[in-house]
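Before anything else, here's the structure in question.
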């Protein structure tokens, strides 16, 4: 709790250096979801301060950073590596970064998350979802580029999801957003629609995809916001982990 | 061309009684599309005046009236029947009405229009399209309620469209609007997406369906506005009739 | 597959009487979700025809009808009761109706679905969700009117959800839509946000509620469309039933 | 179908290198439309991989790439030229690129596509449409800059379309989007409205143009999304080619 | 200026009976536009009180009432007739009503306002504009139903506007809203676009028409809001009257 | 906390009768704002149950009901009057209703709230605000119909607000929403803009008014949602009462 | 009218070099408005070609270019100066450029256009309007930065407009867009509202300003689109020039 | 009041150099709010001219500049420092800059403004609000990063606001915008919701946050536009200063 002194010019900068990060280190325990720092629009130093504080306060040192730019990722790697924190960056376009203690790989829960994308352009959001689910201990079964423009490509992946025992599936699509409805009409596990910002013109940037998923005629489909791979991955993992825990008990 | 006299109270009503209908009786010849009077929001007397004038000026007496309410349809039937004009009303929820001389049934062109609906609620817009296409001389091959919530229902109708030699297909869908993209990915003739106002919530009233069709990932799909069965039917018939004319020549 | 004859006036009505219902009686087996007929905007006779056909083709006779008006519900009750189908209607404002054979009460799966509403006006959507989940065999643990305008009311219900072993929670809210984000920040099971059309002005009719849920800062929250109790209930039950099945195995 | 290994950091990159392109090489045969890779937002290497795979799997080697940036186009030219694939780029602002085997120029079908633009700024979308239609074997009859601000400019082009026997016309317009409605009121072949993102302020970026076309009072006009030259060209060619095939039979 | 007493229950009603009408009787002198009471949503008694007060304070007794329902118009006629005020109601669908002293017909200014409508459904907004312009002393030269679906109908009216010496034209259109842009490209006087709420689907209710007019490619076109006949008529009359006054000076 | 029994048909109705009202009787003490029941969309019986429970639990028996329809208000009056609760209804179009014990008139706090409306149609929202402020003990100084179409009407009311010592002003406007910005540029106390749903066409229903207030160029203006008289009145009273309390201390 | 040869790769570039500019050199004579080339989004060479052709075909050589970037303006200056065309660029932020023969300054018509801006940020749109009006021969009487945040600043400019005999006024405002309504309530000549894209947040970019003007409660106000100084200036000049011509006759 | 000469090219630049800044130096006295120059989109020289003029005309020399870019801030510092004006810049991301005479620090009024942010990304808008409130003499009590994703973090700050005697609170949130409603349900002083542009996807850029606040179910919450820290700070200070003045009197 910071009280601003009456001389704003001296006091404010002191307050800002200390105050604006108020991290929530117990989220993993309370929620089953690791802390995820949203780096877009944050000065890199602010992101570093948050990650550093969270690493210090948690046993696993596990912190995810989403939507970090080049500068932020470089800063974290340089600052955290020397103090014994492993910083891992996704090789694809997904701007997800994980820091964790060397001794804390994700514990495999046995949960299985299916992941399908409609097009190759949907990869960044799908990657974001995959990383979050994997850091939460799930196995991810994935097939890409199987959208409705050529529906015959969908058969094999659906058979595979069933064969692998997927507890839930994330279906990723931009443009017309039709794939999640199609999949949800065919499978007997819950489906999370993840619309992406692929597409231009009216309804572009993912708006048509999201609206079409919200309007689905196939009950069993729920959605997250456009490009919100973090939300899709975290919820899918919560579902799969709960099923896996029941299997073990 | 009406000039309003300077005393508006006497003059205006005289003008209004004579002026506001300025019909286009040569549309059939110029466009290949019969005149279609849009009755929504028009006083029934105004619709009657337009239909009467068009009937008088065209050889076939063919005039279509869309979106007429009960009162309008009754008025037309009562006023036109006695003067030798056949007034036919759709038995379904479609508010299409055709007037034509007894001697002027539609001439069969040989054009074939496919028509698929995603759900039973899409029937009114589909009926509107079917009537217009049929009044323009096409044969309509139709299957209803084959949406993506149960995609296996789509196989037989698609085989039938191919067997019947459809020149073009109208695919009607509300809610998620996914069916036209799925169909367009599978067939080798042009597809016209006809979104309907079925659905509620965000993207409801046909907005999501229309946007999803505009964002289609399957080239070969064009669209008309929500519930615009007239536009879909007229364009499909223009296409099919052009193909049929080429077949004959 | 219906082919329209070239005389539209006789043929079309015959087609319409037979064609527009193309039901999907195996959905329960394929999806784990019973067939749900969306009655809004459908002529009552069309809804009856669909229900009758589905009842005839399924062993349980279980069919849900959502958003039926007074006339539709009365028609179904009158027509189905005499042929040995139990027709049950929700006592609240929810326009859900279930038909089922007398010998087919829902089989209890052991799945537990939590259900919280922000205000008393949210009841209809919540009821819709509860009925679907219960027909799918789940136990529903519910508390109403615990929104953020008086957050202290939330403590007891959250303790109860945990005590009862909820596998998933549906959190229902209109207006500001803040409750699902608050709940999702506090619990370790997945949360489905169900926005309702309560509220007026800009963002009214549920738009602000839905957008706020889509923008949640608490990972683990997924959403359905405004007032889509059917979708929320079906997905929640799919999740809970999968966990329950794992518990039993 | 790719299964992600439980160690995400090693496995994910391997998966990503192999998986996200799942091309559809039979589209030309199934749809009559060549495969078109949408390059916007894709890393250039991903586009190259897709094109390379498609070229390898199709006899003609015909692949279109839309919305490629400078870097993507350069990469394709450098990588495909040496292996005997001809890479051709539009000289105008249209970001369309065609690769094809030297032995596979487009086969002339005899279909004729009319193409009108309202203003010189509409050229990029018009070019995109023209290229697609020409790669599908059509002859394109075109006139530019004939919008409603000076309607007298429209007469000669309309006479020419008729003289050349256009089977269908694409009418391209931004800003007010009025030209397609005007043309559709005057001609007896189907018209495809192609709105462009020209214009600023409320309704800018093509929104007013698209909405005005959707609201057309001239039946016979269908639309594609803003700047979607690919969709307009592909559908126009499907129509014209079907007519041309009928002429030949 | 009313102060609410501390006992709201007695005081408020007294205040409301006296306070909420605060009329502006000098608008005619200050603005050259008569007072126009907007009756939509007002209790009829409130409208009557406003009209009565304005009639009492102005020499001409001229007050226009727009958008009055049946009940309001009846009330005004009954209450004002007996006290020597002439109440005149439009015979068409326009809900405009004029009260004026018997001795105060509009003084002819010599200003000439052209008025064109795209379709017969546009009549109510056009009538509203015509009445306002005529009460402000202008002559209105009008032609109806000359929209772009059949552009040949436009020639005669445009010649007439020129022949009659129109100082300004109001062009009324719903749906695609294309007519005002077409007219503005052809004439050398200012054009006021008056969009109407005719049309359904996306961009319906006049939105597409308004946006298309705002995006016009023909400089010289300004607009008012959807169905705002009062605004179009008043501004056109201000322009025409200013020109007429200059002609006389 | 209600647990739904496994037999939904018997249990659900029992739950609904008991559960959905979960009132917050300490709001007056905690917030300084009385409980306000939003009756729109609620069955009258549900509103009555909420009011009855609140009356029973609070000393003053003060409960406000907003947006009750005729049936709700009649039901409350009939049910509460006999048990010694005074039910008072606004004489204007405002659908506010207050119940309170006979012995609990509002205690005058000394706070002064100014209230200005742009037009007579804005009265219902203004009345709602006035009633809430008065029930919270404030004196309301009000002037109606002083909008920017005749700005000279504003001078006297502004002088009066200053003379009466207004601590805060609510400025109510629909259509263009310009009045709050004008007032906020002239006075030295905070202004709350209350947009109303007066107006039609694009930006109608209060949207333009709200947006214009949000975009104000005059710092010192805050807003509530369209027609939210309750929110404006409650916040104004919180401000005025805080100032009044400071004056007394 | 250009026919595309069947070999697109050679032919298309030839066509594009010749075809896409189809200028309208008689607009000045037909409309009373000079040709104005909209340069945004056009390649500079395309703009130059249009200007060059127009200069060659009109006696005055007068061509306006709006929204040209630095590169376009430089290119025009370099290319046109040597061939005897005077190229003049606005010194302010307005991106208007005029080319004209040395012997063709604007002929003063005697028309007077008032011009007011709400804030200094509105200058670019106001400048665009001023230049167009002046090139059409009008005198512009202007005052800046007189918005409603300090309404007292408005008195002197309004007196000046009246003193100078303004025939019409353009009132420019962004953000709340309140100034045009205020001015229109006070003056007896027509007012053109010119909204600007100044402002951020909801309703930003000029949307709130435009909507507020469309919703004006002061009849006599018409609008153009956001930042459309060209449209405002051209229409104002058409009005003023018509009045001036009447004064002279 | 500037009259543009008939030769626009010479005259316009002279006018523009002198005219477009029309400052309002008495705002501090009239409104209690210092003059705040909005620098976004203004050429730096224009901002400097406005600040210089205001500094010259006010005793305190106090001028705030919001949203100045690097170049503007540098220019002001360089130009004003040498003439004895202290230029102070916020150390955080807030682009606020204050100029004031050395002898004019803000006079402490005794008003207390609470300030809470939901996340660290909300800092820039919060800083803007804090600076304005402090320049108006208030003490600011602040806590950051206490959003609803972890609601337990909120307890201590709320206790502190009460302990410090906050007269009003500004609650800053992006994304779901839930925090202001939660806070407003718990405290007895007025709350100003300040939505920020944090967030992506549908409802992103602050739209969902703003709409959720407008739809609040907790009376006592008013809002300003997205990122409008200036408006929130100024209004909060007006409230707090009025309370403080009453305490002193």
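By written order: A, B, C, D, E, F, G and H. Residues from 1 in each chain.
In this section, contacts are C-beta pairs under 8 Å (C-beta built on N, C-alpha and C of every residue); 3 or more make two chains touch, one makes a residue touch a chain.
Note that the structure is a prediction, hence the values are computed from the model and not measured.
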| item | value |
| --- | --- |
| Subunit E and subunit A - chains in contact with each | B, D |
| Graph separation of subunit C and subunit H (steps between touching chains) | 1 |
| Turning angle required so that subunit D lies on subunit G, C-alpha fit (0 to 180°, nearest 5) | 90 |
| Same or different residue numbers at the subunit G/subunit H copy interface, by half rule | different |
| From subunit D, the most remote chain by mean C-alpha position | F |
| Inter-chain centre distance, subunit C versus subunit D - centres from mean C-alpha coordinates, in Å | 42 |
| Cα-centroid distance, subunit B relative to subunit D, in whole angstrom | 28 |
| Between subunit F and subunit D, distance of the C-alpha-averaged centres to the nearest whole Å | 56 |
| Subunit G, residues touching no fewer than two other chains | 30, 119, 149-150, 185-186, 201-204, 207, 210, 214-216, 225, 228 |
| Pairs of chains found to touch, sorted by chain label | A-B, A-C, A-D, A-H, B-C, B-D, B-E, C-F, C-H, D-E, D-G, E-F, E-G, F-G, F-H, G-H |
| In the complex, subunit F residues that touch subunit C | 1-4, 6-9, 12-13, 15-16, 19-24, 27, 30, 38, 40-43, 46, 50, 197, 206-207, 210, 225-228 |
| Footprint of subunit G on subunit D - complex, ascending | 88, 90-93, 105-106, 108, 117, 119-121, 123, 127, 130-131, 134-135, 139-146, 149-150, 153, 156-157, 160, 164, 198, 200-204 |
| Partner subunit H, residues of subunit C touching it in the complex | 118-119, 147-151, 175-178, 181-182, 185-186, 199, 201-204, 207-209, 211-218 |
| Subunit D-facing residues of subunit B, complex | 30-33, 36, 132, 167-168, 185-190, 192, 210, 214-216, 219-225, 228, 230-232, 234-235, 238-239, 242-244, 246-247, 249 |
